[in-house]
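Take a look at the structure below.
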């Protein structure tokens, strides 16, 4: 895996490989010594054009736990400012000897341009681009779901039990609720979760469901209560921006009260979920808008665990992208796992 | 019997196998009977050297070191009263401590599971199928130091084929097999491959 | 210097000879042949070449004054000549905006000085293209530039009252309002066509209805005030249908399509390469098919390039930061040939109609788009329809590299272009006759 730009870059075996690797990484994070020497000598650059302390720290932690060197580059990039262009910044990184660039950018397609325009030849990992994709978020969401739910929707017992290693999400039903139109998390999750065998239903007000969704491998509904009545195994709430309500933000829905009433997850709605269902949120949450405090803190909520799983998943991604690459150099040709003359 | 030497010599009490040709063109070096006898001998050597198995822990290195470790554990339990095989066997994946990852396509990471009693103050016997350059064992020593502090670390291998690149030697050896570097030694175990055998291929045998 | 064009096929018809002298076609056929060997006559071997009236582009961006880093009148008209054009209409969205007699006269004079093609400046409809107040359309019409086409292109005249006033006002001097149909509020922040592709790639959509709704409103307005309307760069199937309906009711509307809307679709946006970012955007195959049908059946009257050069830094970046627009003067004829002539949907005579005769008529040009007959101005283009060439963005004459056809092999090469009897292009390369700028 040279780049990870989109959930669509992964096929089912590769996605399961990432999740299984993340499971091993998670096991190492339970030890007293959490650090591994695996990526020693590699340099990972966090190139964040959007403020995001949480995701940046998660990638930074992941890289450091694998003994890679981390450089944080917080570039102020608005779509109109040309002072520090993406191309110039990328070429500066190349000069720094970056082995991998983790990029978050407000423009959809920026990681794609970075990976394929010929400005740099490092590996590129997409940490969120515009409204397009956020593949590591979808991977950690899939990992979290797999840890808790076995196919058929039975909740797994305890941390020592079988955590689904080697398998997918076949037969599980996931509902994703909120501003689908502007959500890169939704796009990545629809692709990844359905590829792993889950049935995905998107729920939101009609103004926030994109034209073209009919081509996606999922169902859509405007009726949250109706979808909850079908007993989904996992409920994923998406962040809704208050600014989208006003005329300046596009007037997508009339008021917070109306949004909460129809699409908010509160204690009443949680109570109607089956015993085993889990509640998820990519964060940061608007407590009181898309999710009430009761729901966020309920025992079904795995929101805090998602953050920890994020580190393990990002460790797995960094390992799979970088471990096979000579420091600062090109990727070797693919060969069989039993390479001849492999030193033992 | 004393522990195996660092320099490979020919035959340490195991009868030379018939060197029959197999269907894939490789030569059989050890058959299933030879392997069973070697493991029994190693188990007894472990007990003799450590004066019993009271503080001994076996860590198999995935993939094939693991079933070999289980079989050694069963033999220790059979020979020594009071030993529960399940409580002395574990696995140690060393992938993340290797120093040669960039030379090959990315490896899958195996599981590391320590026995219930941990490894602190125990004698850890690493178990692997083939000892070659020694880099795997070096990585294993690094991995162990992140997991705990054993009182001693010993090494048991089914085959020692020479060509060490680091100052590492095995304490217990099933067969010393002098090879040239371009020959390929394969260990097959019934738990994974459906049969027990050690074969060699390539070179001028 | 006179020029004898030997064995050319006028509009693809039977081969004959044309004699160009003193800016006029002085002889056709045997009379022309007789001039071979006379002093002062240069013979041009035209065997196998199609002769067309010099092409006329109703929609070009020459960028001067203001954005000479992208294109100048000199480089833009040279590109036009190499593409077979003898006349181009230069859009008004320059810096300063062409909304006064002074600016349009400046552009007109720079065009004459460069001498590669006649430049007919387009006047802005509203002051500074702000869409609030009518610009001095009358002054521009009576200026030396004799402006007849008015457009806020780049922007839509979205205020219905302003559009009504403009449509009424230009009647006094037989002008036409050329509308860039794009409802601004429905397309705020839009990056590409709104559809299946935009939903997947995460780029904000430009819905077809934003073009169709303005076209519908404008054809009804123009019927009401009895003026004439020209719809620029039609890109939607719905837009073509509305124009077809309007013409069936006798409404005085003409329409244009660009070469790229005849060929390219929104699937190209998956590459995130901003060379495919254009306004109006590339749309679906259904829309492309409808535009082709419209051009074939006359619903769409002309092909216009909307040649929009941009400097490298405005395209060598992420999509959202890139400028909208594609160059097209040097590839237009080849694209039309590939899509419409080589597929049998149009003849060379149709090509002359959509790329020369009709645009000249809409722009009220007297010297261009004329028949290839004795006494007519010698604005002639010679095309080798059998030639094939590969588009290299670095080797085009336009000052900018943003062509969406880079690397493509296209049919048809312009071999010669004559502007009032003097060659601007000979042997496929720029030509200069001594004393041309007299």
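Labels A, B and C are assigned to the chains in the order they are written; within every chain, residues are numbered from 1.
What we mean here is this: a contact is a pair of C-beta atoms (placed from the backbone, for glycine too) under 8 Å apart; a residue touches a chain by one contact, two chains touch by 3 or more.
Everything numeric in this text was worked out from a predicted model, so none of it was measured.
Enquirer: Which contact partners do chain A and chain B have in common?
Expert: For chain A paired with chain B, there are no chains in contact with each.
Enquirer: Name the chain with the Cα centroid closest to the overall protein Cα centroid.
Expert: Centroid comparison flags A as closest.
Enquirer: For chain A and chain B, let me know how many angstrom lie between their CA-based centres, rounded off.
Expert: The computed centroid separation for chain A versus chain B comes out at 40 Å.
Enquirer: What is the distance, in whole Å, between the centres of chain B and chain C, each centre taken as the mean of its C-alpha atoms?
Expert: Each chain reduced to its C-alpha mean, chain B and chain C end up 78 Å apart.
Enquirer: As a quick test, compute the distance in whole Å between the mean CA positions of chain A and chain C.
Expert: 47
Enquirer: Show me the residue ranges of chain C that touch chain A in the complex, using the header's touch definition.
Expert: On the chain C side, the touching residues are 194-205, 207, 272, 313, 316-321.
Enquirer: List the residues on chain A that touch chain B in their complex, please.
Expert: 1, 17, 20-21, 24-25, 27-28, 31, 33, 35-38, 66, 319-320, 323-327, 332, 334-335, 337, 339-344
Enquirer: Once bound in the complex, which stretches of chain A touch chain C?
Expert: 79-80, 82, 85-87, 105-110, 112-113, 117, 129-133, 184, 187, 210-216
Enquirer: Under the touch definition given earlier, write down the residues of chain B that touch chain A in their complex.
Expert: Within the complex, chain B touches chain A at residues 93, 95-98, 100-112, 128, 130-133, 135-136, 142, 146-147, 165, 181-182, 184.
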